[in-house]
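Take a look at the structures below.
Next come two complexes built around chain A: one with chain B, the other with chain C.
On to the complex of A and B.
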């Protein structure tokens, strides 16, 4: 639509007439697929959250525009209509804008990760050339075109280049290092290739493959890099995501590419920023850090006194980085100490002290208020004598006289707190009661719990984060905001819940001991995933082919060897009856009765994996191991062998070879080998007979 | 901005975008480009009379100035456009009467408001006249650098030692032009933290001028042997003070101490009718990323210190000896007179 106009004005301006294929494309993912900002993001997409009085997506679009990007696809998922509406009314979508923008939206049910969105974009086949991939919550002043050129230059020497990812150097202890995105990168310093990528949050030990050091004469291990969430991608990135539907995040992608490097010959390069700024607002502490960086002008020219649009006038800058939009009223003896931004038509009362904070538009702040390190959005009303330190206060909040907000709090939009309320540290509040559809707690209980800390006049409910797999790490990171190490009752409660959960999980696992599960975390997770797939597959009678596909994708996701796959699949099948009925094998005939239909159902799966002698031996080994660890199973082993032999899953030769080889575990000699002895002799006899016949 | 054709809006957008991307190299380039922008706008826009045209120019000009508040040149060019419109209108209105007389006497300046016509008459010849005038002005802009360097021989004498700071295209051309006939030495202060002085030193050395690069801290020590300081500036304020690259004030004070003449090369388009009432004045200075002063990767340090990186210095007029503009040499006290010739008093406040 507007591309005509752009090219016209470009050609008019003279020097650079651009060919169609040279149009610089960018894909902006306007969703972070996380709930780090909940409950604020319940009603507003993260991309539209204000950062120093400006929606985050504006920074991202501005930096793309300043880089000279000509066309941007904005991909939105959560609250897509709001983003679409915002962009429509903004200067970005005007026909005269030098960068044309196309909004693509997708419902959150169909798109749950970066991987899903890229697969969707691939499906729409919008992009044919190199493109810039960026998240809408990235604040950067990087000139991307030279990096794009560098990427193209590298392709001349390395045909397999799929991506150049941009990192920024920040030493440990830097405020813009996100605790949940700590990473270690192994790179080849001579050409900048990424050799290994590991996320190190909560890890004490790292292991690197020896081949990496053998292959490359020089390897740099870097811990001082921060992921900027900006990458230059070759067009092949999209089909790669489509082919591997287990790639969910950027990390999955990189790992996948590195694992398959020899086969597909794909390579990833890194680019380290020199002298420019880029940071990703991944969570609330990062929001704090990036806001400070913007206020202290690290992100220049993306600073409040140069950013403006038709609707929002620019801030004026006075010394000590105090920014004010027009119409700000400062009462006598009020102090804006340093690093403060105040939005349009806000009023600040007498003797109020503000430092290192952002105050949005149309806020009214009373007398004798203390505000330190707080982010206050639009239309907030703060009455006299309030005390706010290290907090995020969303749109339309009302704090009555003498409210004290603890450190690290997030107050959701529309919350009203009665006079004198004290909010403990690290609380997240929202204006409506939590939805209890997915919680087993009844709403009464919730209300009781919620109403307690606040007086009856408040409109506020405690937000509780749904328990996720990685909730430990997450809550730890959130707690770090503005706190040293401070335990409070709520986090303890959380921990209790988590522990209870863990206990349950452990019980599940203890019921069935499947034998030597490798220490390797990958194999263990692989096993769990396979077990899950099989259980579902059996319950829902899913076809064998689909299950094989599912197991294969897990195999690539966790990078396990073929031998492990064979063994673990067999083990998973054998343990299925006890997992499903939640009781251990009894050692009676019932076991076999339960197991038989399962094996029957999974015959196609087994046939797929047990194709040659070696795989059969693996499976027999697994069978044996399983037997060693589940003594009750021994009784059924003979029947299992007979069944599998009868169904042509295991060949005679394999069974005999297995039998002649000494077992790994000597205890198996007595038990398992003994039980199978009659079956083996029967086999041998049958063989002799058949050979005689043939003679 | 109501009722602006999208074509014009597109031109403006391209200009502001280039401005934001810092595609203009130096203030002369910016001045040239903004005048070309005005030429396009005035040429393509539909307007009935001069009043309407001037209102639109003011509106667009204000908007442009907001985009880059510290670039005074944009505002200056807007004022020049208004002045051209006024002059041409008056000329066509009153016949061949010489308009510049109007501002000669104090009385006429004071009564300018009353005598000012309302510019509402529709004069068909106005547009071509304005376009022609803008064309002349463009030519003047283009030759400003050459006009200044043509005066070099009057100011630089044989075997003199000249000191300068940072990088200025005008100064570079000025010195090179003098070097064609005279032998002299140049000392360049490097101008940390941007180190633009390095570039100038390299340029001059290439032109076979004997050049010495010194750190900013050595300015005072070296001043004793210097015959003349010649610098460029970002803009000249209404009182004859300078808005120049950070470090210039130091240089000016040192020159004053040793009574070394302090000469400023400033083409006329850098003359700005605004006063400096406070160093905190909005839009006077520009603070860029502190990256050059402190690396952002410095771990814990970044959150513990506040680093400022201003670009400009203010040099009061009493420290300046002489301005060399494309029309000749002027003392700082004469700037007000030049300004009244360049801009109409009613346009000072856009």
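On to the complex of A and C.
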């Protein structure tokens, strides 16, 4: 229906009928497929969250319009109806709008990533020419047409160009760098081609293939770039996504293109912004940084006092970047120090101090309130003597007298906090109890404990982020909001430097000694991966079959031999107790007590790998090597053998054959072979007996 | 005297053994001058009045005679290595440490270059650099020339040089050979290094001129640390890595009061590199009082507060080549003839009067005799040579006292001193060191005396 409207508007406006190739097209993805803003985004799409009193999608559309885009497809997933509704009522959908907009919505079940949405767009075959791909949470004042032209110009010399991605220079430590989107690019400085792309958030060391340096005499390694989430795409990008179902994110796409470069001859270029602004609101700290940039006018003309929106009135600007919408009431002795924006009809009480903050519309703020670095949305009621520092407070929150909110808190919509409540740092609160349907691990008692943490009068529940695969690193970064992280990073650097001081031989010391780990890096990383899978598998009680699948996929990823798989899996299992408890084996009975349930759990895995005699011999070899390097383990080796024999994982023949073969390491003779001697004799006797019986 | 100069001339030329069995590399002729003459000339042009030359003792007299023979004013201070002993460049520097009083320029005798040295010194001075190295964007044509002698898989030695884009700091230095010998397929860089230097330009096609300006304290450090043998292979990468360490000042202060005593009395082999730094505090003070900064983008002080700093001067233009392999040696001969007039305007060469067809880019020794009907192109001919009729010489290096009889064709070959080519030979890409009999046809061969071969 909307498309009808837009086509009408096109003809009405009298513009000549254009071929689609000539129209400058943009695709705006109005979903970030992440839960960085939860619980705020539980009820409201991220694109409609206010940034300096204006929905984020407005900034994105405004910047597209300013750079001369003629048609935009807005692709919505989560809360698509709200976005559709908003756009319908906004100026964007009116017939006078110079940019036509078409809303495409898809249910969140069918579309879980950027890749899915682009595949969907490809399926609808809406786009035939070059297009601009942008996320709705991008704030930018970039003129995109020249970059589009540049992209087309490059195609004349390089037919394989699929994408020009836009980066902004921002040195390490700058606030506009998102800690979770750190990246390193290797580019060819003569033509701007991207040669290598790495996300570096959790890395300490970066590795680049030597091939790349040989092939291109000159390579620039850039750590000072920030991904703006704006790219100029050739039409071939869409089918590329369709052909590769494993491309979920932009990073997957780039890596895939670079890996298949020789086969498909596709290339990606980079464009570095000079003098213009672009930033991606990827998480709450970035929301903070971008809001400040808007207030401090870096994103001009996207500033509060040049607001072209019709729904929200313009701010007036006074000195020290203080913006006020009409109807703001300031009581006596209240101070708006600097970098503050206040929405319409908000009231600020006596002696209240506000600095570097945004206050939404219709807010009531009492007397003697301290607000520093806070983002307060619409209809918030803050009573006297509250203290807020570095926090995000969503719509309709009520803070009663004397509430103190710790640094880095996110208060979800509708939360009511009783008088005198103190919220610890980095808490996320929401107004309704957490849904338990997918949180299988939260038990009822736990819910009762955390549901109303502060007082009976509050309507507030602690939001717990669901466990994600790589959550530890990410949540950590989120928690850093508002904390003074400089010292941390500084000290980390010192460590690094000290490390650099030591000569490089000592690098492997962190690893648990599990015997002679293969020199070959592949096997080493395979081992680490297996260890991780097993640990998780044990902690989360994952079924053996799934673990086998996981291990097999790692096997292919690192290209290790079957023998190595057998040996390393066994070694990983044996080292699991010490890895999990971070204690070395003690040499007492406790080792076996810790190890037994683990082996019990992994029986199906072992049965899968140890099917024939050779594989059993491999595993015994691994057992022995492990014993040689962990002298305390020797005590338990008999028990392990007995257990595995009893469970039919290891056959009698294999054990006896292993025992008759000389060990690889002569020192094993004395220790391990000796300890297992009684078991072997027992085995032999048992065999004789059984053979006698059968006779 | 701000700088001293050291020429490392004790190299054996291990990559061109066919030419260097009877004389050191530094005395091999390039355009009829011994190789070392070019280094001496360069230093003289740069204003040096004396130079320390490190050489094996048996060649002392020969080298000492060079300045007077070719009219150079520079004074040689010759340091001798015992005969038949191999000394690395760092070892050699250790040998002459007592003669080094200031910052020092170290060059290798096989360098021919017309890049103005004052640029390198300026960079060194401005940044109080610990080590400054000269790199040149090598000319690609060098790679493609045919090499005389047996065909070998020719591998140009390359380094991966990481340079900061904002400042000419050397961020890392790895030789490709090292990486491939360790079977590494990846180059790894610490993230903390990238934090300090977020824009690194990695250049794989730079030529390391083996020209280093080294601070006095670094020389002391090298002298103390006996484990170093080579400047390029060990010392430089080591220093580049040490740039990122934090200076442990407290330790320093403790040592300072009796520093003079400790140097003598203590076993100094394990002294920390930072304890060699001089005037650190003063320099840090100056840095902290100054508003100047060498980079932008973070709040760190100038030079990221590093006290050890390595810089690279990358010459965009100018000629620079090292005669460290056979192919480079040949190429150097060809290139230097072409550029002779611009590189050495004060050294005129007078070609002998003859009616032979001598093409451009040729250099012929004054005492050589050419017959009327021979043709010579792109070649160098030494002193006292005798070239017969209908001889065609293309792309050759002919050393002194060579006799070539009539109707011979020579192409791309090197003829060593006193060799004789008889009638009607046809040699292509050969190295000749003795008499070649009539009607010999060879390609890509080494024709030297049999007893010499035995020696090898």
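Points worth noting:
Everything below uses one rule, namely that the second predicted complex is superposed on the first by the 454 of 695 C-alpha atoms of A that agree within 3 Å, B and C clash if a C-alpha of one lies under 4 Å from a C-alpha of the other, contacts with A are read in each partner's own complex, and residues count from 1 in each chain.
Following the convention adopted for this analysis, a residue touches a chain if its C-beta (ideal position, glycine included) is under 8 Å from a C-beta of that chain, and two chains touch if they have at least 3 such contacts.
Nothing here was measured: the structure is a model prediction, and the numbers come from that model.
In the superposed model, A:296 lies in contact with chain B only, and not with chain C. In the superposed model, A:275 makes contact with chain B only, not with chain C.
For chain A, the partner touching the most residues, choosing from chain B and chain C, is B.
Residue contacts after overlaying the shared chain place A:335 against neither chain B nor chain C. By the touch criterion defined above, A:308 lies against chain B but remains apart from chain C after alignment on the C-alpha atoms of chain A. Once chain A of one complex is fitted onto chain A of the other, the partner contacts of A:172 extend to both chain B and chain C.
Of the two partner chains, neither chain B nor chain C is touched by A:593.
Touch criterion met: A:208 reaches chain C, while chain B stays clear of it.
In the superposed model, A:223 lies in contact with chain C only, and not with chain B.
Comparing the two complexes, residues 171-174, 224 of chain A contact chain B in one case and chain C in the other. Taken together, the chain A residues at the contact with chain C in this complex read 171-174, 184, 186, 189, 200, 203-211, 213-214, 216-224, 492-494, 496-501.
Those residues of chain C lying in contact with chain A across their complex are 160, 162, 165, 176, 179-180, 184-195, 197-205, 241-242, 244-246, 296-299. Interface of chain A with chain B (complex): residues 5, 8-10, 13, 65-66, 68, 94-98, 141, 168-175, 224, 275-277, 289, 292-293, 296-301, 303, 305-306, 308, 314, 316-321, 338-339. On the chain B side of its complex with chain A, the touching residues are 6, 9-14, 17-18, 20-21, 66-69, 280, 282-283, 287-292, 296-300, 302-303, 306-307, 309.
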